[in-house]
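The following pair of complexes shares a single chain, chain A, combined with chain B in the former and chain C in the latter.
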Partner chain A sequence: MSLLLILIPLLTALFLLIARPAGARTIALVASLANLAVTAFASMGFVGDGSFNHEFSIPWVAEAGINFRLGMDGISLLMIVLTNLLAPLIIFSSFNRQMEPEGRYYGLVVLMLAALNGVFLALDGLVFYIFYELALIPIYFICAIWGGQDRIRTTLKFFIYTFIGSLFMLVALLYVYLQTPGTHSFAWEELVRVQLDTNAAWWVLLGFFLAFAVKMPVFPFHTWQPDTYTTAPTGGTMLLSGIMLKMGVYGVIRWMIPLAPEAIHCLMPTFMVLAVIGIIYGSIIAIKQNDFKRLIAYSSIAHVGLIAAGVMAWNKAGVQGGLIQMLNHGINVVGLFFAADMIERRMGTRSLSEMGGIAKSAPKFAALFMIVVLGSVAVPLTNGFPGEFLLLNGVWNYNFWLGAVAGLTIIFGAVYMLRAYGLTMFGEANEQTARFEDVKTNEWIVLGVIAALVLILGFFPGMVLNLTDGSVNRILGAVQF
Partner chain B sequence: MTALLLLFTTAIVGLFAGLTQNRSLLQPIALVGSLLALAATFFDPLGWNDRYTSMMQFDIFALSFSGVVILATVLIIGLSGWGFRNLNDTLGDNYGLILFSLCGALCMFSFTNMVMLFLGIEILSIPLYVLAGSRRDNLSGNEAALKYFLMGSFATGILLFGMALVYGSCASFDLAVINEAVSGKAGGTGMLHVGILLIIVGLSFKVSAVPFHFWAPDVYQGSPNLVTTYMATVVKTAGFAAFYRLFSLAFPAAADFWNVPVTVVAALTMTVANFTAIFQTDFKRMMAYSSISHAGYLLLAILAIGTAGSERALLFYTLTYSLATICAFGGYMVIAEKNDDSSFAAFNGLSKKQPFLAAVMAIAMLTLAGIPPTAGFFGKYFLFTAAFAKAPWLIVLAVINSAISIYYYFKVIIAMYFSREENAYEASLPAGVRWVVLAGMLLIALLTIWPGSVHAWM
Partner chain C sequence: MDSLIPLIPFLPFLGFVINGLFGKKLPKSVVGMIGSGVLLVSFLLSVMCFNEVGTGGAIRVQLYNFFTVDGLQADFGFLVDHLSVWMMLIVTGIGFLIHVYSIGYMHNDDGFWKFFAYLNLFIFSMLLLIMGNNFLMLFFGWEGVGLCSYLLIGFWYTNKEYGKAARKAFIMNRIGDLGLLLGMFMIFKMFGSLNYEDIFGSLASVRLDPTVITTICILLFIGAMGKSAQIPLYTWLPDAMAGPTPVSALIHAATMVTAGIYLVARCNPLYSLSPDAMHFVAAVGLATCIFAAIIGLRQNDIKKVLAYSTVSQLGLMFVALGMGAYASAMFHVTTHAFFKALLFLAAGSVIHGMGGEQDIRNMGGLRKAMPITFWVFLIGTFAISGFPFLSGFFSKDEIFAFTYAHGGKVWWGLAGFGAMLTAIYMCRLLYLTFFGEFRGTSEQEHHLHESPATMTVPLAILAGLSLAGGFLNTPHFLHLGNEQWLAHWFSWVIPIQEVHLGEATEWKLMTFTTTLAVIIIIVSYFIYTKKSSVPVPDAQQSGLTRLIANKFYVDEIYDFLFVRPIEKISRLFHYYVDVQGIDGIVNGVGTGVQKLGAGFRKLQNGNIEYYLIGMVAGVVLLLLSLFL
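Coming up: the complex of A and B.
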């Protein structure tokens, strides 16, 4: 089952890239829907006690203790759900634009899907690392081939930046691996069992943090992000913001803290402060933005800062909140970027100052967009609320003052999101916005699904929380410091 | 031993066949001979590998590395249909010289005596001096040959001097006897240490490690493309395997002493080469510096002598590096020679015109940069793990350098895939080159999916 989640998209990607068949978009969509079906099937018989379900393992380099081992507990399953739920939406939403050559674009998107599933399923350190890096190659090509202005420089910066970060993780991983007994092993349990002295753990923790902090991104490692999000084609931006940055948060929960808990007391206060700075910094810059895509990019820094802070507080509320918020942020941010792309396609600009009055000419769009915005602002009964509540609770338990500062995100979030909504939807209509065409059928499907998810997950957050409960208890219990 | 004899015979046959008027036979002869030799590194029905053990021994180390260089040569001969297309009178000589040089490489893997090592290096080098200058009417080719010859003989002199000092200290050329003498000295004498140091310098010249690398970019650039490919793959592999064999068999007891200079040379090599490569605009010069920087990573294997798995790491790395380099040069050769442009701009817009060739070049570049999940990553991974305990900070430096290297390897990818400029260059692939790069890609894919194959081999 786990293997299938990787194999379906991988083989599809190879087929699309090598054979370059006609109708690539349909093939990609079918493959991603097949993956969604597999995900649904996998979650039906799921045992949520924190053990690994659907485990699959074959030796890869047996002599060096490297096994191709996959499996999912509640945390992985949640990420798998996020990935495979968003993938069809992202692929379907790309139908609105001509991506030439088509086989290459959809092949790369599906390859990305394989890599992301691999990251969330890997239970072997090296396999995790390889998928983590593999995810970088297709997104680099997507952004650099179909990106906008200045794409080559921006994407190369993005690539080198994240690659350096992950190389530090490789060194940290290698160090822990070499401390395992016997002929060494990369198995997750073995790596967790290693006892490091505080000094070594300090370096290991730092190595992992650099990799994940660049990916998320946490302040001050975020400089690649707004440029890349703005330059990338919308499909690429959705992949980056909706799913890929969750790789970093997931890495913190699964690998960083369990592998080097010995140094948490030395480094965690710094990490927490950085994450909280990111919240405030991202929010303030988002308020000042005029470019709609850039605004969402900075808001993403703020949201992810809160998720990172909650997770690194390492208590039940924080981790649970982080997990549910990853799912919800993924859904919301894909919705926001989709709406931004719709506006850009119709008006040819992303500048907020040139918009206004769209609500009059496109009421359906305005309503659906409103739901997504409300979810993003974390209004109660939308999906953003339970996550942010739990996250703030977690940070608060860690440190009162940090919690209080992080809490400003609720106010800031409302300010920049509602400002953007107001500037686009209300006010005087100009010549272009008066002719603004309302949602077409295929746009309706994407935005409708997203809006429905916003509401359903807002009404029933328990579904998600129950899924991860056992695994979070187990991982919190396993890591003593 | 069988492989060596087969190669030698093929070289002589090739040489004489070159005298006849029928030149179309030459490539098949060289190809068949080297394929037989490749098979002989796996099968030894006559038991010849165990003979002549006093001077050379074809143990598993020698056989595996022979396999790597013979495989590389087979691929290079496959490219020669294109690479040697303008040679007429000297075609037989060229095949002969390549195969003679290969014989030298095999001696460098199997020696158990320093004299044999020296002979191997000379047998490898002398044909290459001629090959580097094989385009007699080409000025830069002549310059390359002369530079290579002068630098090479200079290095040989230093190496010989070092060997003499080691002989003076240990009273033997035999590696086992030297090893005993060195371990008996517990710390060693000054003469031994100076000898080892000079050997390191001499070998560093041969493998083009910084600060003894200055000849490499000019020689690489000036030589015919096919000869450059041979230098970057076979010669490099041979140099490092010999380096490894000598130091692991003769001087492991003095490791505390020679670790220091080797560490310094490794750190300098990767850093200087990478930073210089960034500024290159010519593909071939970039590849020259890239090859120097790989020498820096490969030196980690020398540092890791004594660690389990270091031989395998060296084997895997040289194999993947050779395959990727041959594929890259194969593609470059066609494009540069057809259009007379050796800069990165020659690749502009290639992905639209020749998707297959562009994909090959892209995978070769990703492999050289060591990006997961390519086999190049596993090469770096095995090397770094082996040397981690010896010098953790050097691994961190190596890691940073691998990230820097992305910048120049990706110039090619950027030109092929992202550049909106398209030039009207002719880019169709001759059949020979197509088959070679396809074989190279399949082997890289095999090593990617099954990196453990190296354990099965050695």
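Coming up: the complex of A and C.
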């Protein structure tokens, strides 16, 4: 089962890139839907006690303790759900733009899907690392080929930034690997079992942190992100913000903290403060942005900062909140970028000052977009709320004042999101917005699915939190410090 | 009965869904019928609950578990007890009247269906707020009503200013919400639960640090300050008048803004443990009560006067809460809901008749053209001013008695001063609007008409309630019968508080304030009607009048202190810290790397397909190598 999740998109990617068949978009969509079906199948009869389900393992380099080993506990399953739920939406939303040559674009997207699934399924350190790096390559090309203005410089920066981060992780990973007994092993359990002295753990923790901090991104490692989100084609931005940045958060939960808990007391306060700075910093900058996509990019820094802070607080509320919020942030941010793209396609601009009054000419769009915005502002009974509540509670449990400062996000979040909504939708229509065309059928499908998810997950967050409950208990219990 | 209770909030929700999805295609009469019909049913169900609670005590209904994390059991459950059922009656009852009124008031609006959808959504949220059995449910409703308030203030969204007012309301509320949220975190940490009955039930057995209790109470109160528009978070409420008038009546006078009072009354076991927090509540309330009343003296927009009056009255309710007179505060919530909803709706009728005019300087003499509106407005004015035996007379008098007994002469004097100001600005409003000569354009004079029955009938009912509502809770010393009925009704949730003053003192206090109110009513009649002194145009205002008319420039001060600095910091962060600072360093490193990479460029032929295929094939080979 686990292997299928990687093989289906991988082989599809190969086929699309080599054969360049006609109708590549349909093939990619079908492949992603097949993956969604496999995900649904995998989550039926899932045992949520924290053990690994659907394990698949074959020796790779047996002498060196390297196995190609996949499996999923609740945490992985949630990430798999996130990835394979969003993938069809992202692919389908790309239908609205001509991405030429199609075979290449959609091939890269499904290749990305394979790599992401690999990252979340890997139970072997080296396999994790390989997939982690592999995911970078297709997104690099997607941004570099189909991106907007200044794409080469921006994308190169993004690539180098994240690549260097990953190298630190590789060194840290190898170091822990060499501490495993006997002929060494990359198996997750073996790596977790290693006891490091505080000094070594300090370096290991830092190495992992650099990799994940760049990916998420955490302040001050974020400067690749606004440029990249803005110049990348919307499909690429959705992949990055919806799914890929969660690789970093997932990495913190699965690898960073379990592998080097010995140094948590030394470094975690710094990491927490950086994450909380990111919340405020991203929010404040978002307030005055005029480029809609850039505004969402900065808001994403704020949201992810909160997720990072909650997860690193390493208590039940924080980690559970982080997990559910990864799913919901993914859904919401894809919705927001989709709305931004809709506006850009119709108006040829992302500049908020040129908009206004769209609600009058496109009421359906206004309503659906409003639901997504509410989710993003974390109004109760939308999907954004339970995560934000638990995350803030987690950070607050870690430290009262840090929690209070992080809590400012509920105010700033309302400020910048409602400003963006007001500037686009409300006010008098201008010449261009008066002719704004309401949602077309396939746009309706994407936004409708997202809006439905916002409300369903808002009313019933228990479904998601129960999925990960056992695994979070297990991983929190396994890591003592 | 128990299984019907979820229907009370979910029927309005259903109304929202139906009107929201299909309302555009339905005729207006159907939309209005659905919108107010669901409320009527909810109201009748609430009445049934009221009977059941009266005989059998609180009803508890558990719907489903929202989530459970780390012992935090967040349930979607209802607690219908003496306090919540009373609020349910107010919200659904007055809500229904206002829905009916809106059918007439909004009949020409294109967004008729949307208006009813939002109103229903508001009622749903408000009912969650008061019916929930735990703080999280309260928070759902709390933020939900904030959202509806946002949607309805900005209802006429093509007007940019209205949109700004809506945003301001939401954001200021969110500032308060943060306090409430932190208070909830602290409660959960101390009590291990967010459920009211668990928390208040354990107070007797658990010994708690008084500073912790005080902190919790103050954090919760910060939430109340936002929602109930207290200093320093009150400035959104006057701006909220941008919304259609029924919204001002329902949300920004009768129901939503009293949520803060409900919160403190609900948490009365906690507040009673913290004298410091009580003092704080009373002080903020008193300051707001007087400050807003002063501003109200020099406003010339009919709705703005009423808005500041609401802020001021809410302040008075907080004074009551701070004095430990929780039941009196709830009593005043009730009478205030009657007469303030009445006043707003009557003001709406005036605006309707005047064709959109809101400046009282352009009105005058309306009593001839709009007799019903005039009479109900007069009743409302007299009720709020404390005219003998009208509703406000009883509820305000009770608060003054408690203030005198628990706070002493100074507190009583200041609260009385606030009440005096209330009578002054309300009479000024009444006389300038309905007496004297008409001062508007001849076109307006021609347009003047009494409102249709859908509007005047709800007005008449509310007028009846404003007249008689005070008899719900009469003081002992007047021997009117039905003494302290409401206080006894609440006694299941709020312990009975006695005013230990003695009949003679109570008589003296009441005579004093009542005489004052009557004198003001008479004197201001002579000033505004006989001498017909009309407020000067804005440009001619000077000195103190100008200062008050401009609301002491508080908005401008906030703008200068908070809004503009944050916007400035936003730009500074973006340009100097982000683009120039951090990214500058990164680019410096990047340039170096690029130069290094230039050497490798010669190895590349530029055809991306080759790289890609090579890469994917490589991965496949790697995987294949596993199986071989």
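Definition applied: the second predicted complex is superposed on the first by the 481 of 481 C-alpha atoms of A that agree within 3 Å, B and C clash if a C-alpha of one lies under 4 Å from a C-alpha of the other, contacts with A are read in each partner's own complex, and residues count from 1 in each chain.
By definition in this document, a residue touches a chain if its C-beta (ideal position, glycine included) is under 8 Å from a C-beta of that chain, and two chains touch if they have at least 3 such contacts.
Only a predicted model underlies this, so the values are computations on that prediction, with no experimental measurement involved.
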item	value
Partner chain(s) touched by A:60 [first = chain B, second = chain C, both, neither]	both
Partner chain in contact with A:428 - chain B first, chain C second, else both or neither	second
Which superposed partner A:156 touches (first chain B, second chain C, both, neither)	both
Partner chain(s) touched by A:141 [first = chain B, second = chain C, both, neither]	both
Comparison of chain B and chain C by chain A residues contacted	C
Contacts of A:171 with chain B and chain C, given as first, second, both or neither	first
Which superposed partner A:39 touches (first chain B, second chain C, both, neither)	neither
Which superposed partner A:133 touches (first chain B, second chain C, both, neither)	first
Touched partner set for A:285, first chain B, second chain C, both or neither	second
Doubly contacted residues of chain A, that is, touched by chain B and again by chain C	59-60, 130, 134, 137, 141, 145, 156, 160
Interface residues, chain A side, partner chain C - complex	10-11, 13-14, 17-18, 58-60, 68, 104, 107-108, 111, 130, 134, 137, 141, 145, 156-157, 160-161, 220, 222-224, 226, 281, 284-289, 315-317, 320-321, 357, 359-360, 367, 374, 379-381, 386, 389-390, 392-393, 396-397, 403-404, 407-408, 410-411, 414-415, 418-419, 422, 425-429, 460-462, 465-466, 469
Residue ranges of chain C in contact with chain A within the complex	20, 64-70, 72, 136, 139-140, 143-144, 147, 150, 154, 157-160, 163-164, 166-167, 170-171, 174-175, 177-178, 181-182, 185, 188-189, 566-567, 569-571, 573-574, 577-578, 582-583, 586-587, 590, 593-594, 608-609, 612-613, 615-617, 619-620, 622-623, 625-627
Residue ranges of chain A touching chain B (in the complex, touch as defined)	20, 59-64, 126, 129-130, 132-134, 136-137, 141, 144-145, 151-152, 156, 159-160, 163-164, 167-168, 170-171, 174-175, 177-178
Of chain B, residues touching chain A in the complex	309, 355, 366, 371-373, 377, 381-382, 384-385, 388-389, 392, 395-396, 399-400, 402-403, 406-407, 410, 414, 417-418, 451-452, 455
